[in-house]
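One chain, subunit A, appears in both complexes that follow, with subunit B as partner in the first and subunit C in the second.
Right after this comes the complex of A and B.
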């Protein structure tokens, strides 16, 4: 047994086995390193046949060896995607197979890989060098797997902070929806700090609306008005009753007490006024019309007669923020219009209003205040005595980085991603987790998905300033002085743009209107606006404006809204030029679209009185480059030479110029 | 005539070889003893060992495996240091680099991780073995105490290393671990502050843990390990059958000129190794002991590689102090304590750890009866073994419950 010379043979076998095992395991380690996914992919890439047999590019491909990475120091990112996506910025690989194919589109031209890497836009784990860990699909412990292309615009939003980012239609649509839906009334949202969303003031609601309407409205605003921006707050009957009491007790400002004899009201005259004032430019009836003001289809079910009269007589008295202009109407006209609206646009009969005792009850009013504050109504509606106490909803800063596992999903079985949570919250605010105060805004799934895209770029950690693309909007233009008063009264900026500020209902920005129109014509037009184009019914409303106000506007425009390029035009035409212009007018077939002396097409404006309407510099500029002044216009760009444009202008300037009686308009003719 | 160039080269090579390896391949018993004594690394072994202590079923090789793991951890740890920045986000990025771009980085990190876990486990088993075989009894009392110190250093090494990846797992495990430390009366908060270099985990904590993990604790461990092994050498491997008679050294098998022998001759009383020696029951350490050691080393390294190739070391999201996982768990070897803390912070955080350490240190000085040494579960030690076994089972159960049966809010959860 005792043999000190050697170890037992049994151990030799163990030794041999372990030695072989040792070799095997080391070989395994080496083979594993050598057989890394990216190495075999690069080997495949070297064999790729590119469409372009450019020797330089082929050499490039042949030389693809080793890890490739983009290091973005300011973002703290290392992207090694190019280790496998070897042809990503080389157009020669446009038709190569999956990992080697050229990046589609022109995105890499504007976002070169060496400055932006890949994960800044696509997410995923840039450090990884194999398919799985790069998080092409979600994997555990990687916070951001690659974004699917449907929602990738969310990442555009991380850098592009303007309301209307370029080349990202879904993001832009989502941001617009956020503004239009009034999200900012309840939530602080980075990038939307300057936005305000206001519902109507409620201070005098007791005078304004009928009690039944308040009840129905609070129950479901969209039932009364499908286009309502107010969401359904899912109020209980008790809450509705309390709020109703509070709202109907609001009587801060009594309606204008005009001794109106309602018996004399003439709804036929009211209907005529309704057309003349172009109410439908802003208010829809029966689903047709503008969207700037509230739809009037069921106005008769909603408001009280005295209030409507008062409002139409002086809208700014009650709602200083309203976009509605103030017409200069006589009391009888207002009365007729009121009677027409209430009579025409209602569903029920004119039954007597049920008088609720509850809204006299101070306890009910008190309860109503509690409900008003609890639901954050003050976010959108001003109500005296209930001051704003901050925004009721949580801030959405960094919402995209909320931990999906800690979001309150309740017991609902849903795919737990942050995106999905935002989407469901928008769609069904009450279906997730704890009871929510957020109203059901009636978004369609598409709208909810669009808003999700806009919110999913709100990261917690902010980017270095050099990465942020932000267009700060200019300070809004605010007219001053006497012109300012008039422009405010008639709400010019509700429809027209000046300096980028204003509405887009009108196609005519006013920035250079003084260089475009002759002053006298402008006065006449303001006093009696007609459609400039024969085929288009839309026009400015008749303001019933006093002549001196029209003159003030015209003078202000002639002194302020100018374009030197147009004004410097030498308007001393020779008769020869005018004659050649007339020939050109016929040669170019202008008559196909434009009326002149009751002859011609209906697409463009009537040119009969161009000589008294337009300033020559403008006419010439317009003829030379119509697209420059009005993108998308139907006016063809004939590529006229300066001489031809001048000849045409000379001809048009003669039209209606000499002794032509100004169109019916009255006092302005005296100028 | 004269010698050929080949002879000269041979002579030169032989001389050069002797400068490194004085004895050559040992062919006689004298050489077999001399080879162990003349090498710095081998002389920690005795020249001859008892057959009994060589039996795998006696020691299970647990001490040796611990030492091998410590060696593996030192080597892999030094390699990892080449890629590691002890600063929060950079630290995490180092982990990603190791995983994705460093050659052999994955295996390196996995091996360090699994070796660390294995070492905690094996060191604990080693302690159990020593208890169950009664090997802490005189003259080995103090070496047991050193062993307890090594167990604590091992835990500290593993704990400090746990934070270094700077992921969620690391951050919250250390948060929970240091919170347990904070339950200590009077000094608890100061202790926590000292550990964290602040009130919460931050860059300073990471730096502190890094320096502890890479400098202080390894040095302490190396020192204690050397001492531990040296004492084993001096006290002899336990487990030789208790032979009442003192047997003289067998002349001729031990080189008379040996310095070691000379020193041993100076000791007042015969050392234990001499006491227990029975020449008929001994074999030379070369090759018997060395051979087995090499085999164990190969086996351990192979197993570690297999584990490292098959199982990835965990790495979660980057540490985020604002995002608390539920439940936040300490490293697994503290989960028994965390389970106790769940019932009572004082018991789990203070009482039990203190009692355990005190009891372990005091054990060899309390239980001094020299019976039942060198055998597993000796009947003379039934009481001691029963008490210890119960404690080990309870600790194991608590750890298993804490690891697998505790879910959000530390509520009972089935692991399947």
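Right after this comes the complex of A and C.
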């Protein structure tokens, strides 16, 4: 009889087997955990520590055994990167080897790990604790592998929403390209809601251009003008013919004064005017000059004579949105300028004015309208009788979070990422296997990649407001009254900025110009704008402005565009202050950049007549904190004390004060 | 039976391994476009950013390539040094100091002004790195013309 207390021997064997099995599994788990990559790295780190010369914070790091993580509740992120990157915020590890090295640059000073973690900027899988699964390199089925440095600025854009984010030049360049390329005409893009991009209004095109030019232009705008901003819409010949009929039938406003005596046109006088008016500040010819207006290199192949005369006489009549100012010119001057432009800037023997074929066929015009709407031309161009019907392209909100596996890549063998999709779409909109109305904009690969960097920060789920660094632009400034009329006529805001509105071709915004410049100087300058900075190519145009208008502007500025802090400045200087200022001027090396009495550099303005040009309060304020008034200025901030700034101001105020010479006058004309 | 299983498993693993290695890794044209540009200029990420700043703040006097031939150079006495041949650039702290405090701070002429209050610390880092690269690059190959 068997003892009931003892189990049968076979059961013993089963127990033993199971026990061993469990032991094996347990040991396997235990050993695997003990041998984890991060543990061996931490062990290596403890070895590295002894070789670090100045281990000032290492007591804490040495005790670092186990997982280390940053939990960002508001972003829903857990980053364990610091488990291996143990020296990341410790400058003592600047020369340590890879996982332990200090973070380069000063990024962690502005983005401390405790507050930003790692993956907010770098992407990758923050919860993983080994190299492969953290997605340092792309791995299958992980959408967000770590970004390489080349594209990392895309993530800056998630939080930094201003057009020109600090320390992220590629992102800034991408955003500028988005604005310049007119993406906003077809797409809603978060952050660009207030941007506008307009091509010329087309409702008088029938008077403006030559018929054969329309045909060539629609086929490939860049063939006529490589710098054209209009993309190639890949139109069929039938579409081009229909559009051509529509466009040439547009005759809303007949040109002014069609009866000009062209036989008297003097192209030599026209050439002189072209230089004097400084047209090249905005228009390039032969690849040189400004980019605000269209390049004029082949203008003679494009426009008709009567139209150009009319446009130069009053650009705002037909194109109310144009950035071009209205000069005060006599009819003969406009005629000479027109004749010069058409004669000088053409390629072929386009003398024979094409007789406009009959483009009044209503059916062709109707077809043209269909094509016009289908391709969304109204996004950029106004056409009479056509109300805007919204943006033709899809909104780009959340484009960075689209599922990369659902996107078309055409026949391109690429890694499936939204980055690559956006890049290919920008570069080859028609080669992704799906029909697309998006024009080919002729981007270079680098331009496309740069725009991609800017778009890749547009995530679907928006960040908590506390994370967003946003600059809300103020309401656009609109000049009013008589000053408003003048400012509109001369399009001051095409180049100058007031109240956050306007172009940035000029140096400092005009918001406090009344406190910066002396009124008389401003009048003289407006009547005969000389070069204040000779090295700057873009110059203020010579408007041929009547003195009354110049006075109105100066009075308005002196009453409105003020900064009381500058005006309150005590300008009663002592001779001793002026003498000390002169010393400082030499000591600081101001002569390196500024001309004075025909000596010195050509970087900053000539200071010989400062005493009649600037108001002392401004001079002192500018010298003390130039970056405050013009970010990115070449005027260095010397960290002057108030007394030093005052001394320099005292000295500069004495310059040119007696026997005031008018500002360096006369167009330098060296274009 | 067991042996057969093990052999099958090994073959399976081997095949899987081969299949993984076989196709060429798919391309990343977007990143490659940027890399191609950086390679053409021979600059790293930090250096490329430094070049932006150098072109804006420094090139007027020091010249695009740092050879001391900027458009304003002829107005300066003493003229700006040829940075591509400068020995002091090897010292990062010294370079940084000249950028931040101006050349007067190291006992030279005051014509190179201090930029420490105008630039962020990060920008100064980029600029320092680029200035140092000016020197290193001068020997092996002439700088490609900037576009």
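Keep in mind that, in the parts below, the second predicted complex is superposed on the first by the 484 of 671 C-alpha atoms of A that agree within 3 Å, B and C clash if a C-alpha of one lies under 4 Å from a C-alpha of the other, contacts with A are read in each partner's own complex, and residues count from 1 in each chain.
The rule we apply is simple: a residue touches a chain if its C-beta (ideal position, glycine included) is under 8 Å from a C-beta of that chain, and two chains touch if they have at least 3 such contacts.
All of these numbers come straight from a predicted model, not from anything done at the bench.
Colleague: Does the superposition put A:593 against subunit B (first), subunit C (second), both, or neither?
Modeller: After superposing on A, A:593 lies in contact with subunit C but is clear of subunit B.
Colleague: I'd like to know which partner A:406 touches here: subunit B for first, subunit C for second, both or neither.
Modeller: First partner only, subunit B.
Colleague: Considering only touches as defined above, state whether A:127 meets subunit B (first), subunit C (second), both or neither.
Modeller: So A:127 only meets subunit B here.
Colleague: Kindly classify A:21 by the partners it touches after superposition: subunit B alone (first), subunit C alone (second), both, or neither?
Modeller: Once the two structures are laid over each other on A, A:21 reaches subunit B alone.
Colleague: Check the contacts made with subunit A and report whether subunit B or subunit C touches more of its residues.
Modeller: Larger number of subunit A residues touched: C.
Colleague: Mind working out whether A:476 is in touch with subunit B, subunit C, both or neither, as first, second, both or neither?
Modeller: neither
Colleague: Once chain A of both complexes is superposed, is A:33 in touch with subunit B (first), subunit C (second), both, or neither?
Modeller: It touches subunit B, and subunit C stays clear.
Colleague: Write out the stretch or stretches of subunit A touching subunit B in their complex.
Modeller: It is residues 2, 4, 6-7, 11, 14-15, 18-19, 21-22, 25-26, 28-29, 32-33, 67, 76, 78, 80, 125, 127-130, 133, 141-143, 403, 406 of subunit A that touch subunit B.
Colleague: Provide the residue numbers of subunit A that touch subunit C in the complex, in ascending order.
Modeller: Per the stated touch rule, the residues are 104-107, 109-110, 148-151, 166-167, 169-170, 412-417, 419-420, 422-424, 445-446, 448-450, 452, 535, 587-589, 591-593, 600-603, 626-627, 632-634, 636-639.
Colleague: Any idea which subunit B residues touch subunit A in the complex?
Modeller: 29, 32, 89, 93, 96-97, 99-101, 103-104, 107, 167, 283-284, 287-288, 291-292, 294-295, 298-299, 301-302, 305-306, 309, 315-317, 323
Colleague: In their complex, what parts of subunit C are in touch with subunit A?
Modeller: Subunit C residues touching subunit A: 24-31, 33-38, 45-46, 49, 52, 56-57, 60-61, 71-72, 75-76, 102, 104, 109-115, 117-118, 120-123, 125-126.
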